[in-house]
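Notes for the one structure printed next.
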Amino acid sequence: MVISVSNLSKYYTTHKKDAGLLGSIKSFIARKYETIKAVENISFTIGEGELVGFIGPNGAGKTTTLKCLSGLLYPTSGRVSVLGFTPYERNHTFLKQISLVMGQKNQLWWDLPVIESIQLQKEIYSITDEKYKKTLSELTELLEIADLLSVQVKKLSLGQRMKCELLAAIIHTPRVLFLDEPTIGLDVVMQKKLREFIKEYNKHYMATIMLTSHYMKDVEALCKRVIIINHGTLLYDGQLSDLVKKHAPYKIIKVILDKYIDPKKLAPLSEVLYFSYPELVLRVSQKNIGKVATKILDKFPVENITIEDPDIEQVIREVFTKQKR
Amino acid sequence: MRKYFLIIVNMWDEIFTYRLSFAMWRLRNVFQLLTIYFLWASLIPKQSVLFGYSQSLMLTYVIGTSFLSAVILSTRTYEIGDNINSGNLSALLLKPINYFGYWFAKDIGDKLVNISFSLVELFLLFFLLRPPLFLQTDIVPLLFFIITICLGILLYFCIGSLLGMIGFWSPEVWAPRFIFFILIGFFAGILFPLDIFPKPIFNILQLLPFPYLLFFPLKVYLGQLSMPEILKGISISVIWIFSLTYIMVLVWRKGLRMYTAYGN
Amino acid sequence: MEIKKYIKLWWFFARMTTKVAFQSRFGAIVFLIGKLLRFVFFLIFLILLLTKTNVIAGYSFWQVIFFFATFNLLDTIPQLLWREVYRFRTYVARGFFDYILIKPVSPLFRSLFGGSDILDFSILLISVIFLVYAAGKIDITVFGVIGYLLLLVNALLISLSFHIFVLAMGILTTEVDNAIMLYRDLTQMGRLPVDIYLEPIRGFLTFVIPVGIMMTFPPKVMMGLLSGTMLIIAFLIGISLFLFSLFFWNYAMRRYASVSS
């Protein structure tokens, strides 16, 4: 197992301060401390070459977990092991094999051409000239940024910059890559391009990748396996497809009608989610899908019919709401 | 009028938000004062005279520069450059407020905060050090002292604003300001009273605006200037204020035209 | 082996920093001129003083100049080597510090040495020339020179300790700018020999805020005016401060890893 987390917990203590002058004085005399449980007793293991999605709303504990795995934070309790190392010991051999990319936080030098920052990485990670040349040409081709290397970072668009940041982060071909919201702030086209790159990278270099995002499209496109976390606790760890089967054992039927029909006629069939002539959307349980679909085609004037999987975002949201017992 | 008052009040809020930063800033001021104070206390022991200053006069001068720094040299005009470069100027331009009035109000707010703390610090230092202060009792010098302080405030505001407006033409706002800090540190008389310079050099220095920020007001206070000299000094500072204000307005118009042309 | 890598890395950082500085050529030149002016102005002040008083605290004209030249060198070298400290606050505030921590390079090294501007070498050169010239005008012994150089290293060690302390403070409180300028204000007191101050200030400046040890001791040993006891005390204080600063840095790092969000 490349990544192994057992009973990881991370608590922060902050002090609360009331607003205003009176509050400042109060807080000066007697501080009220509050413990925030960012991560509470989570455990999971990840094998080599896996591409795992780490989903949760803001404040769920995703970034905290990634920081514990990369050695930026000490766990309050529990054990963390990555590549056989204890991350927070920050062993240099360990650090040379991992990388962390935080969306929207840049490490490229603003005023200099991209390639200068990349060469700096080469120095820092002690990459041999041979390996550097090879990796550089492969990655710049994959990322399609060969002509951007000599451009100053400040002159790049956000999407171009993100690609170059990615290049800088993985030029040392890390075995483990942590991506924290890598597509945030990017336009749809760029997001897609980035996703394709990550997929290619995972396939080509067999790197283990942990990706956090609150864009469902990222996770859907990239990760077969997802770990869902909210309020610091682990809600689900498994295949995305199983998640759907387990939590949302239904399908969505979308119908375009030829002629108007009375909605009351549809009610006995199945749950009507939405009806506004000519559109009709039904929710049907998995086992009844065949029956209901046939019935619709038989009995009603249908112009078009599609059967879709439930919206993953919706599913996950339901997982979250279920947590609020 | 009320909005300017609110701006002044806001400065206090800002300072208290950045408590530690402000505390360190005041600590720095105290140390700078102590450095120069002890230096001159050693150079001019009791009963002796150097460059025409007794220990009492020199130490009064030194403490005076420290206090007047809070009155005259505290400013927020350095934010003008950042304001322009960040584009926040646009937000200000839309408000029904005179731009220079806004920054002047901010200056006053900053001065008030710094003066308050300076007074507390000086008070404590009096108790600890018991400096042989010279207290001016003659009403005439005192009156002119107040006048020269006001002129100094206006003068520094002009200089600060002009430095800030460099922001219209260059993102390099700190480099010129750095040079001015150094020039002022030397030519305004913070480290030493300017009349220790030999006469010919001193006469040239008097034509620059810098002596009228700290050195000149204090000389007036110490009663060491004759009426003609006081009037000469006031005239020169008034000339500088008018010239700089004129330039300031011109530069402002030109800069604003450029700023709005580029649709920042 | 590691030392070689770190020196190479320092040089790499320095080249990149200088390239950035060069882009705002105007600003870079103006800063250089400013620093030179600051030096020249104080020199003029000293000369003005010395023409009237001939002797300051018992030191002759060139001896006083030599004190100032020593101060100048000890002011220039830290600014050249550890310029990055002045940028540290933005790193912590913007979250860039995490990127520093994740690299297989000592974060202390990176935060201290990662931003040297090669243009400052010009100031260093001028400082050294001025120092050697002043040294030529006073009586020195071989023993004095050796002691001088050793105490210079000790002074740089004390300066380094202060810089590390400021970095640690930056991690804990993000208040760096005024802290490092406070250090500069304090060391400015060493432009003249601390002997000019009366006790108890002199003692305070020598041992509590060791400006005296940093700036006044080296020239004194050069002039044969420092006792062996003082020499040893100087080194002890230098080493203790250094060790304490490292301890404080490690403490700050542990706090950061426990608390950062």
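The chains carry the letters A, B and C, assigned in the order they are written, with residues numbered from 1 in each.
As a working rule, a contact is a pair of C-beta atoms (placed from the backbone, for glycine too) under 8 Å apart; a residue touches a chain by one contact, two chains touch by 3 or more.
Everything numeric here is computed off the predicted structure, so don't read it as measured data.
Measuring from the average of all protein CA coordinates, the nearest chain centre is that of C.
When chain centres are set by their Cα atoms, the one at the greatest distance from chain B is A.
Rounded to a whole number, the gap between the C-alpha centres of chain A and chain B is 54 angstrom. Our note on geometry: chain A versus chain C, Cα centroid distance of 47 Å, whole angstroms. Between the Cα centres of chain B and chain C there is a gap of 29 Å. Residue ranges of chain C in contact with chain B, taken from their complex: 24, 26-28, 30-31, 33-34, 37-38, 41-42, 45, 48-49, 52-53, 56-57, 173, 175, 177-179, 181-182, 185-186, 188-189, 192, 196-198, 201.
Contact residues of chain C toward chain A in the complex are 5, 8-9, 12-13, 16, 19-20, 23, 94-96, 98-99, 101-105, 254, 257-261.
Within the complex formed with chain C, the chain A residues making contact are 12-13, 38, 64, 67, 70-74, 88, 90, 92-93, 95-96, 98-100, 102, 105-107, 109, 111-112, 116, 119-120, 123-126. Here chain B touches chain C in the complex through residues 20-21, 24-25, 27-28, 31-32, 35, 38-39, 41-43, 50-51, 170-172, 174-176, 178-179, 181-183, 185-186, 191-192, 196-197, going by the rule given at the top.
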